[in-house]
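Structures for review follow.
Heads up, the next two complexes both have subunit A, just with different partners, subunit B and then subunit C.
Here is the complex of A and B:
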């Protein structure tokens, strides 16, 4: 969380890595001189400036684990006809400069030691802040039981697939469940279809353990799942949500 | 300010719309939803709105009584701190001024208000930003009852401040002696939130 009364300044950030995550998603890592550390789940504002002074700003969830020096990673999914995401995906190169301001947001956050059990529910690129929590947990050697139920349109839409498999194979209390909403590949062993109450009952932690839920995805996804969780008896004040509208680009 | 190589941006048409968009915002035709938790589902039969100061109740309205108060329609631009702005949104509801009138309050007892909502959300506002026609408790959006996901049955509408101040599911307006911060204002967001001065986060001038 930011210190009271201290302004978050815009920082120049040099792009040091551009990683392809899938056919419509890249992760952009930049190094921002003056960056103070973030908590998992926080976001960052980015600002692009054209030669004539025109500027555009957007908010993105921070993808890389805390404690990563001055490095800030964002994972960007293409928004068709968007102003910013096509530029970030198609034009931005290592060595380019963007501006960052953050970290922002002190509510949709989890840090090792905050406890659980955790139920993480991701829709599409809503996986990004939840991945940051999983990375923070793994990096700290935290053993909080955690389940990620991750809904994607198809298997080629899944983000961070190999890394998630690696984390799940560690056998440290992290359970990974994928569901695909628009196809069922051959030899698919995950769930298919929208996340519904039976699916939440199959994979969610025991409500008696007072689980903490984080739900992030498009608005209809988050609305539906938060309602399911409340109906299933999950404590409402332990359900934290973050939504992005169809305009995309936002959180 | 650092120029990013290759970025030109996609400008909107020059002219009046441009003048209506605060710095760092972009215009959307969608209506994104941003909420920290589950959407409360409050039936209008269970709904009431209270106006209070300390422990003292200054006024309380059932759904029917509230809807019998004078109705006002506005068309305004709204600006979310997450960067989207939406132009010409139409709302109907009861202005804060009319609510004060209905409660028989001529002079507000303090200079600040905390709005309390179903789900536990709070946000703080100066009375000066609620009165003189600046704000309403809205029940209709674009001619229809506001859906629960967008704050129905009733939400605050304070369009000249960032939209987190326009609290969804509002149930209680409580006068407070000082400008104590609400939910987002305690979590790194600006105490006042003027989009034209880009007061997004704590410490922004």
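Here is the complex of A and C:
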């Protein structure tokens, strides 16, 4: 969808909540004066300015459901040699101000009413925009059948674990499947190993129902799964991808 | 350089491009000059630095778009693209 041209201004946003999601992930919620509502899957640009004037800018997926006033939530994973994430995770406090602009993007988005069935495939912190879709769906009381197949290294790495369990327990057509790629805890009842074609066949919706797929994770994850889906007969024009990963040098 | 778990495809470039374009180009269909791959701009591979971004073709890795913000001017180089198609709302 092409939206009318509105210049994206940088907004000052006051941090109102910092929430620990797991040992390396936090959600930062800020209130941005002038924020207009977003759609699930959209992004926000965050800009940090050092005392010497040096600026760093990153794009983050918006984590909180639409219709949340001027609140903007981002979920940040620690990357030890990162330039932005250590600041956001270690230095930022409630009451601090950051600069942001958005909402941005109209490709990797889903809104209640867009239909489905939905197949959401998350690798690691790629779950963030998909969580936003699930929150939007639950908030709207939308009953689109949806399956989230969520790949994490270990159960310690799972983000939004309790909230996902709660959403899945609502019995409103949301099916949650975890897979762990690097360990199998005792009494684990989910899947283990990388998401492959048999796993997609076990959990994916009927291809005849023309499902919409959203795949978000590291580049190898996204490429492997997009290929699996096409090979399994999922409609290619209904597969949307977003690659998360380490931002690299301009090459 | 730095590593962050952030979007690494065209989705990450849309904020910067909005400094120049009046509309969001995520769904613009672009055609690679080198290999003729056609698809949404959002699917291009993102390489970003402090001042500039490069978007590459996910099929052949050719540079499709360069965007540089020097502070004084915005510089756009789309030699790597054969065509950019932007649908109107609802079309």
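Please note the rule applied: the second predicted complex is superposed on the first by the 241 of 251 C-alpha atoms of A that agree within 3 Å, B and C clash if a C-alpha of one lies under 4 Å from a C-alpha of the other, contacts with A are read in each partner's own complex, and residues count from 1 in each chain.
Just so we're on the same page, a residue touches a chain if its C-beta (ideal position, glycine included) is under 8 Å from a C-beta of that chain, and two chains touch if they have at least 3 such contacts.
Remember, predicted model here, so these are calculated numbers, not experimental data.
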item	value
Which superposed partner A:243 touches (first subunit B, second subunit C, both, neither)	both
Subunit B versus subunit C as contact partner of A:79, first or second or both or neither	second
Subunit B versus subunit C as contact partner of A:219, first or second or both or neither	both
Which superposed partner A:124 touches (first subunit B, second subunit C, both, neither)	second
Partner chain in contact with A:112 - subunit B first, subunit C second, else both or neither	neither
Subunit B versus subunit C as contact partner of A:12, first or second or both or neither	first
Which superposed partner A:49 touches (first subunit B, second subunit C, both, neither)	first
Touching partner for A:61 - first (subunit B), second (subunit C), both, neither	second
On subunit A, positions contacted by subunit B and by subunit C	1-2, 4-5, 7-8, 45, 54-59, 83, 101, 104-108, 219, 241-247, 249-251
Complex contacts: residues of subunit B adjacent to subunit A	1-11, 23-26, 28, 30-39, 41, 82-84, 119-120, 149, 183-184, 186-188, 200-205
Subunit C-touching residues of subunit A, taken from the complex the two chains share	1-5, 7-8, 43, 45, 54-61, 76-77, 79, 81-85, 101-102, 104-108, 124-125, 219, 241-251
Touch list for subunit C against partner subunit A, complex	1-16, 18-19, 21-24, 26-27, 40-43, 45-50, 52-54, 86-90
For the subunit A and subunit B complex, residues of the former touching the latter	1-2, 4-8, 10, 12, 45, 47-51, 53-59, 83, 87, 91-93, 96-99, 101, 104-108, 219, 223, 226-227, 229-230, 236-237, 239-247, 249-251
